[in-house]
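Each of the next two complexes has chain A plus one more chain, namely chain B in the first and chain C in the second.
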Partner chain A sequence: MFEFEAYGAVRDFIELGGNVLLVIAFVTAVMWTLIIERFWYFRTGHKEETHRVQRAWDSRDDHSSWNAHQIRRMLISEVQQKLERGLNLIKTIVAVCPMFGLLGTVTGMIEVFDVMAIAGSGNARGMAGGVSKATLPTMAGMVAALSGMLFSIQLDRFARDESQRVSDQLEIVHE
Partner chain B sequence: MTALVMPLSAFAQAKVDAPEAGSLEELLELVRQGFQVEKAENRQRLTEFQRERERQAELLAQAQGNLRSLENLSQQLEETYNTNEGKLGDYENRLTEALGQMGELFGVVRQVSTDLSGYVFASLTSSELGGRRELLDRLGRSKELPSTEDLESLWYELQREMTAQGKVSRYTTPILTTDGQVEEREVIRTGPFGAMSGGKYLLWEAEEQKLRELTRQPPSRYVDTVEPFAATTTGFAPLAVDPSSGSLLNALTDTPGFTERINQGGVVGYVILSLGFFALVLGLIRWAVISNTSRKVEAQRKASGAREDNPLGRILSVHEENREVDAETLELKLDEAVLRESSNLERFLWLVKTVSVVAPLLGLLGTVTGMIQTFQAITLFGAGDPKMMAGGISEALVTTMLGLVTAIPLVLLHATLSNSTRRIIDILDEQSAGLIATRAEHGNV
Partner chain C sequence: MTAARFPVAIGLAMVITFFLFWGMQALVTVTGELGDASGGSSIEFVRVKRDTTPEAKKREPPKREKPEQPPPPPQMNLAQNMNPSEGVGEIVPVVDTSVELASATSLGAGGADQDAVPLVRVEPQYPPRAEQRGITGWVEVGYTIAASGSVKEAWVIRSSPPSIFDRAAVTAVKKWRFNPRIEDGKPVERPGMATRVVFELGKKR
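Take a look at the complex of A and B:
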């Protein structure tokens, strides 16, 4: 019974908010998938990658020549690329979510003015549908953006710190 | 002597037609005779005048007599009028007394008939039961007491309307199709709420007293309920019904469609759309090119020899060509090659970015021009009629919407594009040198 109620509540919410809300829901789902994937990678794949790079560097005898410098840069960049994969997209989605909210506001207001053009300004009940379509996506866009923003900042800092740590670990011998 | 004669002669001369006087004696005689004649004439005139005066007095007396008799008559008539007036009032009082409750009934009948007439005019049931308005209008207008038959038929019509509203019925009636023809069709009417025919919703046109096919049907999930409903003969079937008896369906007809909506955006809207389309096409082409390049670069990383079909391969070939040079020169050459490749990779990215930034700004521009229109309309017509302002407001909102609709996919596209190009450039920048170093070492070993 409870699942049905929850489903009904979500359906009512989507119906009140209109199509834009569906798009926001989809984009937010994509964003959260990316965020969770990143956390998962940081916990599992990244450690393996660090070990691999460390082993590759340690297995070299030469830690000072031009070649060594270039190889070190290559190893660090490989770690960095894997760390930062998808982060930009998360940040972009965080930036785009309020725009979706604004889009919802505008489409909702268009509906309000359609009602006004047909039924005059006296029909408050008719306009209410458009107003809910204007306000709900705005709110949803904001909530999605804010929730994503906290984690995107976190992930960004973690990626930067980790690549810095790896580059510190691969020591160069100066002669 | 001469002094006396002069005037006399002058007198004689004046009377030219008088007989000539031969001497003074004769003149005297003439004058005397003249006197006598005039005297007689005067006397005659006097008598005539007196006779005339007597007749006038007689006429006056007669007129006065007339006046008196007429005054009498008028008084008499006034009295009759007053008594009649009194009697009339009396009779009227007696009439109202006699009518009593009947008078109220008369008023109620008139009011109910007028109300019902208006209701029936607008009601969907009229498509099935025609010819009810004549009776109702007659009852509503008549100044006489309604007859028993009239009262009975009014009661019958009220009851019939109620019964008809509670029923789902099928009947054949002429309807106006979307191409303006009048056709006899089988119609299903669900109470006073809706009518359908051939799987489509109909609207009651009160002015023409005909059903009209909706030019724009509601969304398919509503229209799809019609056919199964029409096929159902027993039991229950779900059906979408307009509870406002047609005004919602009517509003649907008035809502602009997709193209009309875009046309509302005006010139600014077209500019936004064409810019956005241009940038989108260019971005998608770049996306295809870059993902292809990216795949080739990945393949190159695993391959042994340098291939010329990808940026990494071209950079590696720079190294192949400069095997003998020292490390610093090689690095400079590599940097130069990377710079060349990266400018090639980033081609048109700026355009996608710019359009994604400019589109919302253009939307804002449209908002402002639309609002200017709205305020001009307010200046001309006042703020009382929202329909006058609707044009400007829809332009304002539609351009904003178009700006956002254009910008959002471009922002996402640009993010993806710049992500992939940055990855490739990173590979070129950092990995190419690393790969060369690895190869050099392996070669050395």
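Take a look at the complex of A and C:
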């Protein structure tokens, strides 16, 4: 019963907010897909990757030559690359979300002016549709950006710390 | 590995998005307790009568001689007032639109039936080039009214001079609003409407 009620409420909300709100919903879903995928990778794939790199490094006899240093750098940057894949996209989406909100504001205002041009400024009821199309996407864009920003910072920090940790684990033997 | 991660992530993301929007919806929904929210204390306004009577001001109508003959009524320049943005150009366009319902209305069908009634007529923009050159003319526009009352399609039947005013006329007609035609209590489409949009330049002075 609850799901049905919530579904109806959200559908009404999106209908009220117009097409831009739909776009924001889609962008939010994409952003969260990326965020969840990243968290998942950090939990599972990243562990395997560290083990692989560690094994590859440990299986080498030579840990001190110039060649070994280059290979160590390669291994570290491999880990780093896999850690940071998609992070920039998440940050971009977080930055873009409020702009989509602004887009909604502008299109909604245009609709209001359209109504005013045809029906005059006295028809507040006619303008209300445009006003809700102007304000709801603005709010949705901000909420989406807020929800994403928190986690994008978290992910960023995690990626940085992990790549540092991996580089510390691959020990260099000084002679 | 990555391939397995994404579908599940998409599903989870959709759930999260759904709940985000549900939360937003809850933010903007006004709960229905506006009425009895102020039940505890209410302010009553009481009108207190003043004991002083307002002083009556005596006014004498100013004496003035009657003029021998009333001055001539000032000449009004309507064309100028209607177009404040026009500036001081020589020519001011006066756009005259008239709606003619081309085909006869069928009123005999029943009491509930009603033909489309024009509500809003938008004046066309006078094409600036034609205005500069002093071209006048007219366009006959055919159009179809949708069940919603807006103009669904509009097309040019005839125009004189050809194609100068066509776009302006069609654009204007498309913005018109009607009470839709009612048949058996339901709004229906009303095809076969036609009107002549006249473009005239009113001479100032």
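Keep this in mind: the second predicted complex is superposed on the first by the 172 of 175 C-alpha atoms of A that agree within 3 Å, B and C clash if a C-alpha of one lies under 4 Å from a C-alpha of the other, contacts with A are read in each partner's own complex, and residues count from 1 in each chain.
Everything that follows uses one rule, which is that a contact is a pair of C-beta atoms (placed from the backbone, for glycine too) under 8 Å apart; a residue touches a chain by one contact, two chains touch by 3 or more.
Keep in mind that this is a model prediction, so the values were computed, not measured.
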Problem set entry | Fit or clash between chain C and chain B when superposed on chain A | clash
Exercise. On chain A, which partner's contacts cover more residues, chain B's or chain C's?
Worked result: B
For this session: Considering only touches as defined above, state whether A:68 meets chain B (first), chain C (second), both or neither.
Result: first
Exercise. Which of the two partners, first being chain B and second being chain C, lies in contact with A:154: first, second, both, or neither?
Worked result: neither
Exercise. Where does A:33 make contact in the superposed view: on chain B (first), on chain C (second), on both, or on neither?
Worked result: second
Exercise. Taking the superposition as given, does A:106 touch the first partner, chain B, the second, chain C, both, or neither?
Worked result: first
For this session: Kindly classify A:119 by the partners it touches after superposition: chain B alone (first), chain C alone (second), both, or neither?
Result: both
Exercise. Taking the superposition as given, does A:143 touch the first partner, chain B, the second, chain C, both, or neither?
Worked result: second
Exercise. Between chain B (first) and chain C (second), which does A:19 come into contact with in this model arrangement: first, second, both, or neither?
Worked result: neither
Exercise. Regarding the shared-chain residue A:89, is it in contact with chain B (first), chain C (second), both, or neither?
Worked result: first
For this session: Quick one: classify A:41 as touching chain B (first), chain C (second), both or neither.
Result: second
Problem set entry | Touching both chain B and chain C, residues of chain A | 117-119
Exercise. Taking the complex as given, what residues does chain A use to touch chain C?
Worked result: 6, 9-10, 12-14, 25, 28-37, 40-41, 45, 117-119, 136, 139-140, 143-144, 147
Exercise. Which residues of chain A touch chain B in their complex?
Worked result: 62, 66-71, 73-78, 80-81, 88-89, 91-93, 95-96, 99-100, 102-103, 106-107, 109-110, 113-121, 126
Exercise. Which of the residues in chain B end up touching chain A in this complex?
Worked result: 247, 250-251, 254-256, 261, 327, 331, 360, 386-387, 390, 393-394, 397-398, 400-401, 404-405, 407-408, 411-412, 415-416, 418-419, 423, 426-427, 429-431, 433-438, 440-441
Problem set entry | Contact footprint of chain A on chain C as seen in their complex | 1-2, 5-6, 8-10, 12-14, 16-18, 20-29, 120, 122, 175, 177
